[in-house]
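Think of it as A, B, C, D and E in the order they're written, each chain with its own count starting at 1.
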Amino acid sequence: MKKIDYRDKGSILNPLKNLQFFARKPITEKLEPRPASASYRGFHINDMDLCIGCSSCQKICDNAAITMVEVPSIKEDAAKGIRNLRPAIDYGRCCWCALCVDICPTSAIEMTREYVHTCDGDDTDSYFVFPSENGIHDLKFAKGWTKTEDSDLLDRIRRPMGEMKPEARINNFDEVVDGFTMEMAVEEASRCVDCGLCEDACPAHMHAPNYIRSIYEGNLEQAVEWMYETNPFSHVCGRVCTHICEDACSLGRVDENGVKNSQPIAIRWLKRFAMDNVSKATIKHIAQKGKTHIKSGKSVAVIGAGPAGLTAAFDLAKKGHRVTVYEALPKAGGMTRYGIPNYRLPEDRLDQDIEVITSVGVKINYNVRVGTDISMQQIHQENDAVILAIGLHNGRSTRISGSDNKAVVKAVDLLRMIPQGDKFIAPKSAVVIGGGNVAMDIARSMARLQMKQHNKVNVVVSALEALGNSFLADDEEVSESLEEGITILDSRGPKQCVISKGRLTGLETVNVLSIFDNKGRFSPKYDNSDLQYHPAEMVIEAIGQSADITLLGKDLIEELDWDRGRIKINDNGSTSVEWLWSAGDMVKGPDVINAVADGHRVANDIDSYLTR
Amino acid sequence: MSFVEIISELVLMPLIAFVVGLMMVLMMRKISARLQRRIGPPFFQPIYDIVKLYGKDTQVSHGLIHDIGIVMAVGGYIGAEILLPVPGMEGIADKGGIITLSYFLMIPSLGMALGVGQCANPNGSIGISRALTAMLAYDIPFIIVVFGAAWHYESTSLIGMIEYQQANAWGIIEMPFLAIAGLFALQGMLGKQPFEIYIAPAEIATGPMVEMSGKYMGGLFVMQTFQLYTAGVLYASLFLGGGESWLDLLPKAFLVVAIPMSIAFLFPRYKTEDLIRILWKWPVMLALIGLAFIL
Amino acid sequence: MSLESLNEILNKINTIKITHKHKRRIRVDVKADSLTTLLELIKGQASFLHLSAITCVDWIEDNQFELVYHVWSYEENCLISAHTRIDRDDAKFVTVYDLYKPADFFERDIYEMYGVFFIGSPRMEKFILTEWFGMPPMRKDFDSEAYVQETFNWTEYNPDWLQELSDQGGGIAIKPEDIRLSGTLHNKATHREREKAKKEHVVGKGWKS
Amino acid sequence: MRPENYQAVPLGDSNEYEIFIGPNHPGIEGNYALKLILDGDTVVKGTTDAGYLHRGFEKLMEGRLWIQNLAIVPRICVPDPAPMEVSYSLAVEEIMGIDAPIRAQWIRVLQLELSRIAAHLFTFGGHAATTGMYTPMYWGVADRDLVLDLFEDFTGGRVYSIYNIPGGVRRELPEGFLEKLSHLLDYLESRQNDYDNLLFTNQIFVQRAKGVGVLSKEDALEYGVTGPNLRACGLAFDVRRDDPYLIYDQLEFDIPTQQKGDAWSRILVRRDELFQSIHILRQVIAKLPSIKGPIRTAIPNPLSWNVPAGEAYARVESSKGELAYYVVSDGGDKPYRVHVRGPSSMHAVQTLEFLAKGARIEDVAQIMFSLDACPPEVDR
Amino acid sequence: MMKKELKIKSNKTNQQKQKRTNPLANVFDDFIDFCQSKSLFMLHYCTGCGAIELPPAMTSRFDMERLGIQPMVTPRQADILLVTGYVSVKTLKRVILTYEQMQAPKYVIGICSCTVNGGMYWQSYATAKKLNEYMPVDVYIAGCMPRPEAVLEGLNRLKNNIKNDRKEQKGSAWKDYYKNYDYYLGNQQNLFGKEWQTPVDVIAEAKLYGLEGEGTYGENTKKLKMVQHPLLPQEMKL
């Protein structure tokens, strides 16, 4: 580089050298707008199919430029986490910073290389744009700024949950997962974009975004407070919930073009963490909040102390009604106690939930079997309303030949027996029929007992469905079962239980061709040539449960409307009989969180019925 | 020469001057564009500008004197045009001569001074005082050059001078020093850098033009076309032998105007006192040397 | 000058708290009455000639203004941030203009933006906010967004696509201002919130307008 | 109520008169105003009038999330936005106790130096235009535009990059970018001769710039002048060297100085600095391909990103001088206080008033442009 | 400042330009329109960031002069007022002064998001949010900031509007300022205070050029009468 000294006076002729520019070409560009660069931040496009209406873009927009617009033609699907909201962009505010692109969980909103938009003074409406796939002027410009792995603002990967080694857990019923530490929980909670899809998906509409936010802020009591607004079974749900919310979570979306690996927030584990780290006394105090001190003078009876019944009881008690719960078994909790093994849900946690519920004034009469100890009529006369929430405690049978043998048992019956002490002697080998979570529960429980008593696991699970997406049980259940030495045979249908001399020796299974017929009805087709034999001392049927409705009495059964073997109820849970409501598994199928939601629904309806 | 001929020449000469002047404005803008590495305005741009300015819907006048000032500014040049002989047309050149022409050339500045004074904008006042200072500065060498030329050609009539040059040799060859001094004066007269002190947007926000608008601004644009034309043709007549035909005269005139324009875009402007010092030093010295040669 | 001698100079002030944040940043907390002395000391004895900035922080919960003087030394290549706190209700402080001329600008700025009066500062007059007659806007108790909502109108768009959607029963669901002005990121997109808003709309609380 | 500059104020019987330069005036950089009291051609007193660009930046930033502020910070100085982003990011990183990955730091240097080149090219033109020479402006802006093309390539925006993020940068450089950059640097160097001929060795320009707006070293220190303006007074101070940030301590570059402190010294310092920036960029081109690794350290999800309580004063050398962000966090999701110390807030007010006093009217604009004052930094 | 009131603008649509009976005059008018569209002097008020993209648009790379547009430095000579970005309240006063000093036909171009709905600074106490509340705007150019090419496209749109003024009644938004002066003045008063007035007597101009409309007078202009006092011409001192 040539130095120029300060004292340099310059020359009058030097500038004239630039007359050479008469001979040089101008550098002016053409009048047409140039194509912008490959990562240009131009006008937005939005892929309507990818977009889920989570409104993260709206929240990150620093200029308040994004309005969420309801599009009726798009179908909402809460369980899949799809809303009919789509962003519309106000270019009178936008600053093209592309933060909306970088935060979009599904990479739906992106930017193009289009950058020219002009309008007449009275046409400012054209500044409010509803971006589609083709861009602001329908010109289909190439994509500009899109999300890359570098620019993605979201933390896609879940904090790993520690759990016991298979060897350590296989011979006992201790809880398998470790739970989060505070640090992990805060980190996990920090991933939440607060979209609320989980809240919509949750049957009980738990305020998940709110309690996740509270956990993130370290305010666990606040988090518990949020939970108790909608769910008195937070300990239970923190462990064994079917977490529909996590399936709907906007962070769980994977797309082959955009985000390759993305895991939903561990909402269930966060709930568990918050509940475990708040003292019982505090929780009780929180549960009292919102309880009225005015006695309504009405009384409600709840039959069945399961999640649905107790939730309804909890709500009604808080509203000032007198609530009596009738439970046939010695402890409350229903299926959560007698259907879920301890390694998934330790009993003390369940006890705690129930303690909190009773602390608001719910009275539970144990060991009272309605129909035998007390009649339905009597309950009706003593109370203004009755809730029937008896769950599904009868196991279904496959009705294959040999299934009437006494060594062929139902999973629910077994599960009920196992926590009641070590009286139960496990068979040396067992085959479980079924591919759901109950099948896994019984298989794993059985494996634990076998290990404890015989030091060897020999459990085979035979499921109709193929492993993979359509498999009924949760992935983690399957993988943990496999770790524990359980054999899972998928796509196998039971042929017959082989009985020799009145003793069960094993089960024959055949390969499954298809499960549903072309109308989508359950109608499995088997390939009988592919026959296998599994020797077993015990065959466990875990293919579904049904309700035991004998307690209702003949008159009531006739009076009620039925729908495919279940009591017919309306949206609010009330049956065709005025004073009777029904809730929980027996009307909605087995699921804790659904039962809780049902409980709320019924309680609300009863409350408005009683205070009418 | 009949009366009708005179009248038609009096009308035609400013008209031609205007058209040629427009071309010169275009040339100026194209030159600047080229040096600045760009394309520049379309061909008819100067005429669009002027028509647009005259066609403004609202016009702001700052009083009668303001109007008169602009009329004087344009009128001064129109007067100059008819004193400037061109091929085929002499107008009243033989009656006026170069002395009258020099006086006419001062009228526009004075007219502008009048008009701008009425605007009462301090920027305008500073601008016009600068313009008058500049006039003072370039008029000294200009008058010496005119005097020298008249002395050399032994005539104060431009027609006579042109005839002399066509008969003998071009003034630029016979009196090169005066011709160079004349170029300096020309640069000053056109108000181009480095002698552009009275427009100076960054300093006094375009000086005299600050309050001019609409047709008044249009007047100044018209004045500029005349100014360029006058400067080009006058210089060509004094030193480049005028022209026997338009084809002869116009290239010379354009060339003359192109020189200061090319320079203008490569230099900044002087300060006022520097301008006076430079213009009273070099061109005057050159002119005096030139004068010494011919005397 | 070594770090020790610098510390020595600083320690001449009683009740000083020195924090070495890293090699070139020293944070110093002093009482308001000894700030000028401190600046005199470090300017005179430790060649801290360059006043980089004066910042005012409004700690409204403590009812205090914090004044931070960032002073740089061209010789030590070190920045001292001198923090001091003054009472928020009686917001007055002495100028350091006689020590550092740039203080004129910063103090005037703080006077405008926070209303802290600097006694002896040469130009305690309006500068940037000459056409503003409200309270000093940088104070935490001035809510800019509320002021804007009250003073200005927003452009009301009604493009064709929006009309079409409205005809179908859709339309604007969540306005950005709703989220932003509530001050939290509380979710307005959930079904529950939208149902609530719709109900309000039916009642006529102007959900869409 | 009438606006202030509506009727000239009569000043009694003296010969002094008042003149307004700005807010809309070619002799003013941006939207800024100077009230001058003139006696003849000489300025008796100059008063600056700022606030035309006031948006309450610092207030706005207190109301936005940490990440949302990324979009707003570059707007504090439009001609040279990159140092703003970097400075803000550095301050936040310091509070959080994290560092950007090495590769990101190199990319940031690349961005900063490119931005400096663009800003200086812009200034040359502006400075020349105040003296009535417009060609350098046409050239300078056109050449700056080539730099902007590169910005567009790697940041996605021409002027406002919004490219930095606390913890790194947002995107990897596109393929073939360094070659493009190398070509641009070659081109800029090849243009040096043209610029020298036109501007830096132009006798009339030198004559006009020399002795205008003389700032002695003592005055400069007293008025808090920084950056090229300070270096033009003979003090070789550069934040990049003396308070190093990013990886500037690994780079080799000179700090050009001049002694006289006038407009001519200042533009010469800027010219030399431009070539120093090219020199730095060449080092970046040589080194960057060998530095592998991530370009971002993870920050929490921006919607629930709380920066721990603390404060940081991050200084960066912008093309105008010392730029600093003082960021205070109270542990919330928004900054508690952000103070922007723009270099021009020192240059454009007190220094400008000081230099304008006694100057000639024709030099006022030149003084302002030679100080390279950027009004939005004053107004914020 | 005042609490916001919603002002309503009366007869928003522009009246059709009077066709003259003389066919030659029509041709003449068309010619002037044509020239007006071909020659535009631009006053770029650097109100905000958008100003940074104008130098590129004006200089060599994008050369605005190709379109017959060149910068002018005083409002008197300018045809276009480019409002380049956010307008702070302090600036807005000057912008209005500038606008009123311009000679009709005059055009306003709003550049950047900020002139439409507040843009980046929507929550700022110091900036006005909608330019068209205070003066009629002819063309908006979107972007933050718009690239030079977009600016040129916007200018092209304005040129077309001016050319087709008579046919499509675009490009004469400036008449709206006269016709609805009460509306614009009311908005200005809302922001600047009731004593706000400008040196240009807009009502007198409207009368002079026959551009009065229903909205020229109204309650706001009445307030103006109370504060307005005649301006004395300045004495020039030499």
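One rule holds for everything that comes next: a contact is a pair of C-beta atoms (placed from the backbone, for glycine too) under 8 Å apart; a residue touches a chain by one contact, two chains touch by 3 or more.
Predicted model, so just to flag it, every value in this text is computed and none were measured.
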item	value
Fewest hops from chain A to chain B - one hop per pair of touching chains	1
Maximum inter-chain contact count - chain pair	A-D
Most distant chain from chain E by Cα centroid	A
Furthest chain, CA centroid comparison against chain B	A
Cα-centroid distance, chain C relative to chain D, in whole angstrom	23
Where chain B and chain E are represented by their mean Cα positions, the distance between them in whole Å	36
Whole-Å gap separating chain A and chain D, where each centre is the average of the chain's CA atoms	53
Inter-centroid spacing, chain E versus chain D (mean Cα positions, whole Å)	32
Interface hub residues of chain D, defined as touching at least two other chains	8, 17, 25-26, 51, 54, 56, 59-60, 63, 71-72, 135, 138-139, 142, 160, 198, 202, 204-205, 207, 303-304, 379
Set of chain E residues in contact with two or more other chains	59-61, 63, 66, 73, 90, 93, 116-118, 120, 122-126, 144, 147, 192, 234
Multi-partner residues of chain B (each touching 2 or more other chains)	33, 35-39, 201, 205, 266-267
Graph class of chain-chain contacts, one of line, ring, star, complete, other	other
Contacting chain pairs - touch in the sense defined above	A-B, A-C, A-D, A-E, B-D, B-E, C-D, C-E, D-E
Contact footprint of chain A on chain C as seen in their complex	155, 157-162, 165, 168-177, 179-180, 185-193
Interfacial residue positions of chain E with respect to chain C in the complex	1-4, 6, 89-90, 93, 116-118, 122-126, 128-130, 133, 191-192
Residue ranges of chain B touching chain E (in the complex, touch as defined)	29, 33, 36-42, 44-45, 47-49, 51-52, 55-60, 63, 117-118, 120, 125, 201, 205-206, 209-214, 217
Touch list for chain E against partner chain D, complex	43, 45-49, 51-53, 55-56, 58-61, 73, 75, 86, 88, 90-91, 93-94, 97-98, 120-121, 123-127, 144-145, 147, 192-193, 195-199, 231, 234, 237
Sites on chain A touched by chain B in the complex	15-16, 18-19, 21-22, 24, 26-28
